[in-house]
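Letters A, B and C name the chains as they come in the text, with residue numbers starting at 1 for each one.
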Amino acid sequence: MTIKQTPKILSIIFLLIFAFTIPLWLGSYWTQTVTMGMVIGITAMSFILLTGYCGVVSFAQMSFYAMAAYVFALTIKDYHWPTYISIPLAILGAVILSAIFGAIAIRSKGIYFLMMTLALSQLFSGLMLDWQSVTHGYSGFTGVARPSIFGFSLMKTNPRYYTTLVALIICYLILLRIVSSPFGLSLQGMQDNTRRMKALGFNTDLRRFVAILISGFFAGIGGILGIFSSASVSPATGDLSANVMILMAALIGGIWRLEGGILGGIIVIFLINFTKQFTIRYWLIIGVIFILIMIFLPNGLLGLNFSKISSKIKSGFNKNRQRT
Amino acid sequence: MDKIIIQFLNGLTFGGLLFLISSGFTLLFGVMQVVNMAHGMFYIVGAYIGLTVQKQTGNWFLAIIVGSITVGIIAFLVEKLIRFVKSDLTQALLTLGIAVAIRDLCLIIWGGLPQIMKEPSFTQFPIKIFGFTYPGYRLFVLVLSIFIGVLMWFLLKSTQYGRIIRAGTDNRKMVSALGINIDRTYTTVFVIAGLLTGLSGAVGGTYIGFGPGTDFTILTYALVVVIMGGLGSIPGAALGAVIVGLVDSFGRTYVPQLTNFLMMGSLVIVLLFRPTGLLGRKE
Amino acid sequence: MNEILSVNDINSHYGSSHVLQGVTFELKDKIVAIVGRNGMGKSTLVKVIMGLVPTTSGKTILKGIDITNKKTYQIASLGVGYIPQGRELFPSLSVNEHFQLVTRHNTGKAWNIESIYNLFPNLKKQPNKGAAFLSGGEQQMVAIGRALLVNPSLLIMDEPSEGLAPIMVKSLIETCKQLMSSGISILLVEQNIHVATSLAEELHIMVSGRIVQKVDSETILHDISLRQKLLGVGA
């Protein structure tokens, strides 16, 4: 630990303390909002893993989310299986779906990949709608009982908040580890120059496929935490609008860094809940914001050149020092 | 056996509509490498405007013309907006934002209930075909889509416009280097795609109910058709449309709960053998 | 002050790479031939002149008109025919369609489709052949014909002999001489010294994004060590 790192560590500690104390001073409704924001944040991180580090835009993350939610709801509500089976099964479901999507879309690049995942995710949503005998069609599952994790119940807002927060931190740390591992670095290499990586002997398709599986895993975790919070799932959960929301979160926060997903997720949910209070037409506003971001701020908030701003502050600081 | 023939005709006529819907999309993608996420929105605006015009004037022809032109104008504006962003990814996302914003606008103006337009009187009588009767309107849609398909083929093959478009798909910069203002051509292509899609919206909205959410469904169908048929290929779009139409029709009749699954499956099978679509370019 | 083309201190970047570092030359009359090794910026220079690549600084003047920031199609319309490296024909079009593409745009001028077929009678045999199926020599003919149909006063040729059989190279040189004597100026970029010296009396040598010197064609043809020094091994 150097002196230079101290401000960074201090701010992280401050952030953590801040995060842990939120339920104490924020009312129940807004705490729930932050919880949902974190859920979307985890899913957005799974999106960013593919976009920022792998160079492919996936419009299917919410499908994986929805898959986990559906499996959980089905096994808990219709089959009455215990939680310790339902949860892993749900996440497995998400990973399997991501494997299927990944296998189909893997050879496509860039914009084709986007179109493929969009089509697949829409078809999946349609399947959830049509397959009424299993998925309950249009209304999906509602009133899905929240389980008890390690003894304490998730029925109330606060326990859910803390569970989600802890899960978010763990997911973030794991993803950080993955991204800076040799595997993660090879992904970034592939994004920059696929041909060279192939020439070096890397199986780029396989690595990309694994990355998709990993993203499916984390989106599945998002789905589980999501259904704990909302207690429901329907075909709308994984459809295009939901995927647009993830996209928005990543864009607002900044698609190049994991942190952007967390920031973006919380902002988007806040934006939606806030706008909801004034008008039900929140998609119109979101759409317009989207357009403005694409034109003016394509690198998201984290993409703003903070180093320029901070160096300007520093030089002003030094000037003052020299006078005395 | 009768049932099978009817389903076949249903699939074929739906395929005709799908071709109309998808041709605008593939024109934009093939020619300009623009993924127009607002494509579904073009469709429903055409349908909604057509609905309103028909309600006000009782004239179906006027309805589809106004619907078509309105979307053409919207397409023109979208094209201008797209010039602000550079990469094809940001273009796709920008059009997505526009789609999301306008669909909500449609919700405000027309409300959330499903709508449908009235069939025009000249098609209201059923037609006798292969020994039994079939709704006239659906056959009309098939004939219309074939007509437009042939028109597009002629446009591309024999006109200067078509040459510019085909050359531009190959090598945009080289076309400029020959003194041709290809940007202007591209604007026109965008407008044509808008007109086509708006038309398909009003035509489709006459026998298929539409409402909020239809735009994403249409976008999905267009994507599947175009991916299956090969991005940028108009004949591919025709082929893909027929296949999707038939799969959809037979699927909904025999295994309604798994129609989407069948669709996914068909896409997978096609892509296994031809990764760039049935008639797509080899990249 | 009646140069056809005047290039003044042109700089251009590719990302952070400074590709053209102050290129200056003039095309007064018949031809300017620019030679140099691979990667020296020859093709970039041509693309900058055509407006396909942005100019960072400097000026390009065509027949008295400043074309530095003009759009590509505007530059071509001012009478510049472009024959890029690798020909860059349109695989979707046939031979005849290549010509129709350009002629429809400019009617009633010196060069028309018939005169192109007169210049290249071989093309007349299969006018509907797809461009992708043509031989190297045939492709070159189509590329030249296509460029001529804009009725240019200046023809820009980037490595026109590349990939051509020797007999086709001879025919290429003949065609160029014919065009020059009909009043068209040529800006030639070539790696092939023999082609360059056959057409121009002096060569402009390009090294690392700049024109470093002009050398008399006779001299460089016979001085092997000079060739190697300026143009690399085996030039």
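In this text, a contact is a pair of C-beta atoms (placed from the backbone, for glycine too) under 8 Å apart; a residue touches a chain by one contact, two chains touch by 3 or more.
All figures in this text were calculated on a predicted structure; none of them were measured in a lab.
For the pair subunit A and subunit C, chains touching both partners: B. The chain with its Cα centroid farthest from the Cα centroid of subunit C is A. Centrality by Cα centroid goes to chain B. Put simply, the C-alpha centre of subunit A and that of subunit C have 53 angstrom between them. For this pair, subunit A with subunit B, the centres built from the Cα atoms lie 32 Å apart. Averaged C-alpha coordinates give centres for subunit B and subunit C that are 43 Å from one another.
Contacts from subunit B toward subunit A in the complex involve residues 33, 35, 81, 84-85, 88-90, 92-94, 96-105, 107-108, 216-217, 219-220, 223-224, 227, 231, 256-261, 263-264, 267-268, 271, 275.
Interface of subunit C with subunit B (complex): residues 50, 52, 71-73, 76-77, 82, 84, 88, 90-93, 97, 100-102, 104-106, 146-147, 150. On the subunit A side of its complex with subunit B, the touching residues are 57, 104, 107-108, 110-112, 114-116, 118-120, 122-124, 126-127, 129-133, 239-241, 244, 247, 251, 281, 283-284, 286-291, 293-295, 298. Taken in their complex, subunit B has these residues touching subunit C: 160, 163-164, 166-167, 169-171, 173-182.
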